[in-house]
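Each structure below appears as structure tokens.
In what comes next, subunit A is part of two complexes: it sits with subunit B in the first one and with subunit C in the second one.
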Partner chain A sequence: MRRGELQIYESVLVIFFFILMFLLGFIFFNKYTVDNVKEQALKYEELKFQELIAIIPSMYEFRCSFSFSDYECIDLSKVWAFNRISKDYFNIFGYKKISIKDVYPGDEEEILVYEKVPRKYKTRRIISSPISIYNTMEDTYHVGVLRIEWYY
Partner chain B sequence: MVGLVIIVLILIVVGLLFLRFSLDSKDNLSDKSVLSVKANNLINAIRLTSICNRQMYDAIIACCNGLEFCSRDACQLANEEINKIINKSLEEYVYFEAENQNNLCFSINSECQGISSTSNFIRNNEGEAQINLKICR
Partner chain C sequence: MNKAQMQIHWIFVIAAGSIILLFFFGFGLKYKDLETTKLNVEIAKHIGSSVSGLKTGEQFKTVKLNEKTKIDFSCDEFKINNDFKYDWSENIVFSPDAINSDKFVVWTKKVQLPYSIDNIVIISDLSQKIYLIESEFSRSIKSLIPDDFTNVQLIQFDDLQDLNFKDSHNVKIVSFSESNSLNNYKNKDKMVYIDPEDYGRVHYTNEDYNFLGKSMIFAAIFSSNNSYSCSYNKLIKKIVLITDVYYYKARYLQDCCSNFRCSYANVADVLSRFSNSVKNTDINNVNMVKNELISNNEDLYRKDCKVVF
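What follows is the complex of A and B.
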């Protein structure tokens, strides 16, 4: 094979390789960008989900409201009342199940706050946090666990 | 020959780019903030819990003053009941302490590295105290 022919083959190989690398790079970059956008959207949703353990106890729909007091607790009578209108809160909570379990000194009774479970879902995430719950009937404070399940 | 050298160089650059994308660091900032919320919620719940027609912070202050509470040693009572609350409400290992003017009244579990709650100052007619809680990592 002559030197000229060899250089032509080499040039063809390099051009072919460049095209291949360009295509692979484009596919890889596109996939990376799409995955990144999806991941960012999921992270944002997850952050909103995690924030619920701080937001729910401070919502006026649930929080204790006494005159001249800064008690941070969940009023059980408000929770029971909320349960009747909870369907109207789909825009805020979405596909979630929110419940409160009375763990001390109670008998671990679970009180459902909100429930909207989709027919089909891929994953379920759970987050929980201790909270103070106020029983209006007994005028006592218990320790509860706020449990939030997210379906997506 | 020059073309083949260029190919090798490109392969190295592509390899480095792939490493850069695949080793993208993931922060755990949200985990920290969740633990911080949990720590603050728990210390608030402990503080308010009803015990013997009064509240837990009354028992803690009685302990720091060396008094009895509910016809029992206040420190022993507070220690037992707070331990139950911690065990029932969180899976994580938790350190809790109550102090009065830098004197430790009692503590639960051993000191550790972790996410602390904000310091809570509690006060009633008998005196005052400070309670702190840490979720260990």
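What follows is the complex of A and C.
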């Protein structure tokens, strides 16, 4: 092989090496970008999940109402009624389990508000908050805990 | 080095240099895109959480952004700077089609029919001038609009003809009487006629919709035709869902708490009829059955029974 040919092969090899290095760099950077966007999307989902704990007690589907006025408590008879139509709320709640626990002076009974659990999920997050619940049948107010489980 | 070798050497330098430059250029562009998307996500989150915070009651707020931002609204989402889409399908939002500004007003209004349905979200672009043609009804409507809506102004019908509509793409005219003919006004898609009643018709240039209650009058004043049409349908679905909740509650009360004084079968029946009237968008019937519902509920209250709503 002549010296000139050898130099050409050497140059081609260097270019090939360069391209390979930059391609690898680009792939890693792209992965970093995609991961970053995914992280942002997850943060956004998490924000919406955390907002739910404040939104649910103020939803008129559950909120106590007497003679056209609304009060800061959850009406258990409305929760019972909501159970019958809860499938229509998938676009709002998604894959979650929402329940209320009657803590005081109740017997820690769990009342299911909404449940849609995916067949497969990687992880589950739970948040809860104290609420006031109204038992229509007994006409009494109890202390309860609103618990939201998020599957993703 | 001979001439041929020099040429190859230069080709190599140019090729390798171009690849390095392209890489840095691509890297720079990608990085800029990523940072822009991150910023857009932050703006969207700020708007989203502002609205969620307001939705817990009837409130209003001027949302301020750090810089002029283009926000495109559609029925279930909004898009920031043609980039990041934020889903808010849980909200019923009445807004212009797009806003290109660094501030806008958000107002949450309760829809009560006769029980509370939802707090609808009304968004107004402060750079859009909204003229309410003066009448007794429009004066009462204007007095109920918060002062933050600095873009709303009452105007005499005759004065309207004299106005210079140079910037007519950002002007909307609202009339509560169809006798105010605005045929001379060129930009007809920015005109809306609303019946001066508690329920009735909203007439955009080519389409008619219904409204039920004052909150929807405000919605029609500030929203575009597309937004009103879509959010109106969402609201109807919500009314049906909430009515179903009360229907099942009435049945629950019938099972648990009815006696010789308190019967809930009749209210359940009226609620079922109310739901059908809403589905058929028969607004006269909706209003009639609504009054029947109110009287049934008040009747339960008078008899010292548990009320349905």
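Rule of thumb we're sticking to: the second predicted complex is superposed on the first by the 120 of 152 C-alpha atoms of A that agree within 3 Å, B and C clash if a C-alpha of one lies under 4 Å from a C-alpha of the other, contacts with A are read in each partner's own complex, and residues count from 1 in each chain.
To be clear about the criterion, a contact is a pair of C-beta atoms (placed from the backbone, for glycine too) under 8 Å apart; a residue touches a chain by one contact, two chains touch by 3 or more.
It should be emphasised that the depicted structure is a prediction, and the values quoted were computed from it without experimental measurement.
Colleague: Figure out whether A:Glu46 sits in contact with subunit B (first) or subunit C (second), or with both, or with neither.
Modeller: In the superposed model, A:Glu46 contacts subunit B only, not subunit C.
Colleague: On the A-aligned overlay, A:Tyr141 touches which partner chain: subunit B = first, subunit C = second, or both, or neither?
Modeller: first
Colleague: Return first, second, both or neither, reflecting whether A:Ile111 touches subunit B, subunit C, both chains, or no partner chain.
Modeller: After superposition on chain A, A:Ile111 lies in contact with neither partner.
Colleague: Answer with first, second, both or neither: which of subunit B and subunit C does A:Ala54 touch in the superposed model?
Modeller: So A:Ala54 meets both subunit B and subunit C here.
Colleague: When the two structures are overlaid on chain A, which partner does A:Gly25 contact: first (subunit B), second (subunit C), both, or neither?
Modeller: both
Colleague: List the residues of subunit A that touch subunit B in one complex and subunit C in the other.
Modeller: Residues 11, 14, 25, 47, 54, which sit in both footprints.
Colleague: Name, in rising order, each residue of subunit A that touches subunit B in their complex.
Modeller: Counting only subunit A, the residues touching subunit B are 10-11, 13-14, 17, 21, 25, 28, 32, 46-47, 50, 53-54, 57, 71-73, 103-104, 127, 129-132, 140-146.
Colleague: Could you list, by residue number, the parts of subunit C that touch subunit A in their complex?
Modeller: 2, 4-5, 8-9, 12, 15-16, 19-20, 23, 26-27, 30, 33-34, 37-38, 41, 44-45, 48-49, 52, 55-57, 86, 89-90, 112, 114-118, 241-242, 244-249, 251-253, 256-257, 297-298, 301, 306-307, 309
Colleague: What does subunit A use to touch subunit C in their complex?
Modeller: Going through subunit A, the ones touching subunit C are 4, 7-8, 11, 14-15, 18-19, 22, 25-26, 29-30, 33, 36-37, 40, 43-44, 47-48, 51, 54-55, 58, 60-61, 63, 65-68, 70, 75, 77-78, 80-82, 84-85, 88, 91-92, 136-137, 139.
Colleague: Using the touch definition from the top, list the residues of subunit B that touch subunit A in their complex.
Modeller: Contacts found on subunit B: 1, 3-4, 6-7, 10, 14, 18, 21, 30, 33-34, 37-38, 41-42, 44-50, 55, 84-85, 88-90.
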